[in-house]
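Take a look at the structures below.
Note that chain A is present in both complexes that follow, paired respectively with chain B and with chain C.
And now, the complex of A and B:
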């Protein structure tokens, strides 16, 4: 059976050009980038190039890029590092109800274990944070504001430029988890007033297990793990050279192709959403009507269980998700869907279809053929979800 | 045929999947998540580790695999009933409840109605045979030592016609393990799971938390009504139990019955223990009711040897008249056999 992969928000397939660049490192560059010898220098040079590429893609200086094991580590490093570095100055953190668990669970642990005071801001029904809420939440004790660039479940893009300006006026460090946007949207830290930005390679056709944190020069910062002095003493541990090289290649390609690819995806997504609305009764589109990721279609189908929907779609050859891949297995409705005001019942019928480079018009047609059939079967089987 | 296999993570259900695949069916593996990962309550094949074993077995066979969440159904129909039985002075049978409400009701229903399956298979040691008219009969496993047909007595035609039990046709467990080894399944050497999945853990502690009333001390009485001492709570006792009464009277005493309303244990000598008449509720028949009254062989416990009895049905249940006295705890299933065929059964009540 031909498979249709519509779960690009969970992960993207590695671009073959990226895989080749990665294989070349494993094949030809065996050194440790911290070593003095020729092998070490070669590995270091490859990594330097990758750092330049990642930096260039977001308008940063290479020295402002700290490579990590992925988005979760970048978020942890941003939140824990800032709180640790500014402990003398304050103890208050502001974030939102729809952040990824890598941020939310980190700040709640800091609240429990280190007496950090926490303000979790609500969002409107589209999932947008009101910048004025951020302004009001900031106090003299505030050390960090963390608001994601775009939500991984519902695709809503947050007004981070405005939030960043408010933080700058108040001299508060601003972190944004941009894992879902870098590669898909223009993100330029020269224009965007962010101090810390999380990136993740496998969301832009790079490999899993590598990411980065952008740290604006001059931002107070403390490392969170001890060991060697890699990454200018900001992240201990031998670097994942092949992964870093691949991340550089992947982001360069994504940035180059973005101008054509993102509008193409947005058109397909709109076809998908309008087709679903036409063919299925009682379906709600989650997220902002316009301010949303080009590839994200997030829905709630009344009267069905998301889990059943995903299984039935998979058996029909379509890979989808009912929300964040990280929380699969629990029937607890998503915190994001509850935060935008959906009932638990409706939130349990969530379906996230996220498009990617391989997605075609024909794929959308197949989904629009299968999905209504599956939904009516599931509704007939369980009149009440 | 598109067959969904309920995989427990053990060797039997893994081999069931492998056999159906060999027979050319389109096989899909499903595992039921029955308890939250960190739960300390009664658990079954629903633990995280069991799910991982099932996932690996499915990957070795190259079949699709889904972990489906049945926590709610399991909690309501198995765990709640399990602790509720303690409060009623009954001895619960969670395997029967799990089969009846979770595997062959919720899961089978979903497989057929939601996922487009033609049949459900499990790794039970029992057999389903087909009559020329399309009817299905539930029978004992070929290997009598492993037979689990007792725990499936509640299945009717709507279940049996959609059920495949390939393991029950194998000669013995050794054959199951040989097939597992041939398919490279790591479960080939995994130890057998407990027959009753609740045994082993601290299930009485769990019941104590959920129904503290069943663990409040109460009187121990003789069958003539004499007070003989106190017990630590009816939840800790089973009809027929001898040990643990904590009273010394010179003769061996057994729990004859439990009276939940008075929190009383009624005890007596071995000669008072057996009864020939029991009351049954929730009667089920695999094919059809054999008549208003019928002679049958009845198994009174899991892997118990069937004994001769007469069953007389009425509108509320049935009387079970045993030819020889026997001791059965309320809550247990009485399963009717005719030769190797399971005819039906019911739950023994306290009256």
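And now, the complex of A and C:
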């Protein structure tokens, strides 16, 4: 059976050009970039080029890029690093109810274990944070504001430019988890007042296990991992050279193709959403109607539980997800859907379809053929609908 | 992730619906997710003559409800009221650990439907 993969927010397949660049490093560049011999210098040069590419894609200086093992480590480094560096100045962190667990669980651990004070801001029914809430939450003790660029479940884009300006005025460090946006939207730190920005290669057709944290020059920062002095002493550990090279290649390709690819995805996503609305009663589309990621369709189907929907789609050859991939092992409804005000029951019926480079009009047609059938079958067995 | 039996009972569930003029109605929920199953039964000649289910729940919950009603129909009332989550799991060829509560819910709903029928019968 031909599979249709619609879970690009969870991870994207590696671009074949990127896989080739990665294989070439494993094949031809065996050195450790910290070594001074020829092999080491060669690995260093490859990494430098990748660093320049990643920096260029977001308008940063190469020295402002710290490679990590992925988005989760970048978020941890941003939050823990800033709190540690500014502990003498304050102890208050502001974030939102819809952040990724990599931020939310990190700040709540700091609250529990290091007496950090925490303000978790609510969002409106579209999942947007009000910048004025950020302004009001900031106190003299605030050391960090962390607001994601776009939400991974419902696709809503947050007003981070405004929030960043408020943080600037109040001289507070601003971190944004941009894992879902870099590669899909324009993200330029010359115009965007962010101090720290998390990136993740496998969201833009690079490999899993490599990401980066952008650290604006002059931002107070402490490392959280001890060992060697790699990444200008900001992240100890031998660098994932092949992964970093692949990340550079992947981001360069994504940036180049974005102007065509993002509108193409938005068109397919809109076709999908209007088809779903026409064919299925009682569906709620989550997220902001316009301020949203081009490839994200997030729905709640009344009367149907999300996992059963995902399994039925999977059996029909369609890979989708219900909320975030990372929490699919748990039975709890998504914290994001609860934060936008959905009832537990409706939140239980969530379905996230995220499109990507391989998605075609025909794929959308297949989904629009299968999904209504599956929903009516499941509703027949449901006590709710 | 799931056995063939689970997939079969999820894609083609047996005994969906509500028994008309049911002798007993039962419900149970999974406390972890809040999902629930309702089962209705009709008893005749000391046996479960009919058992139907409605489930708001995951694929494992639907397969479990389908299986538990299948196991119950034709059994003596006494026997049917002793069908356990273990019996459902065994008949389904097992479920992942996090899904065992979903089978527990199906068994609980059947037990409560039969208990309800007993109460009504006096």
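We take it that the second predicted complex is superposed on the first by the 384 of 385 C-alpha atoms of A that agree within 3 Å, B and C clash if a C-alpha of one lies under 4 Å from a C-alpha of the other, contacts with A are read in each partner's own complex, and residues count from 1 in each chain.
Convention: contacts are C-beta pairs under 8 Å (C-beta built on N, C-alpha and C of every residue); 3 or more make two chains touch, one makes a residue touch a chain.
Given the structure is predicted, the values throughout are model-derived calculations rather than measurements.
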Chain B and chain C placed together on chain A: clash or fit? clash
One more residue to check, A:251. First (chain B), second (chain C), both or neither? neither
Partner touching more residues of chain A, chain B vs chain C, is chain C
- request: Please indicate which partner A:150 is in contact with in the superposed arrangement: first for chain B, second for chain C, both, or neither.
  value: neither
Touching A:303, do we find chain B (first), chain C (second), both, or neither? second
(message) Quick check on the superposed pair: does A:333 touch chain B, chain C, both, or neither? Answer first, second, both or neither.
(response) second
_With both complexes overlaid on chain A, does A:348 touch chain B (first), chain C (second), both or neither?_
second
(request) Scan A:381 for contacts with chain B and chain C and give back first, second, both or neither. (result) both
Applying the touch criterion given at the start, work out whether A:57 contacts chain B, chain C, both or neither, answering first, second, both or neither.
-> neither
Superposed model, chain B vs chain C, clash-positive stretch out of 80-88, 116-124, 242-250 or 296-304 is 116-124
Note: overlapping chain A surface for chain B and chain C spans 307-308, 311-312, 315, 329-331, 378, 380-382
Per the touch rule, the chain A residues reaching chain B in their complex are 307-308, 311-312, 314-315, 329-331, 377-378, 380-382
Listed in rising order, the residues of chain C that touch chain A in the complex are 2, 7, 10-11, 13, 16, 30, 32-38, 53-59, 61-62, 65, 98, 101
Note: in the complex, chain B contacts chain A through residues 28, 33, 64, 66-69, 71-72, 109-110, 113-116
Per the touch rule above, chain A residues touching chain C in the complex are 303-305, 307-308, 311-312, 315, 329-333, 344-345, 348, 378, 380-384
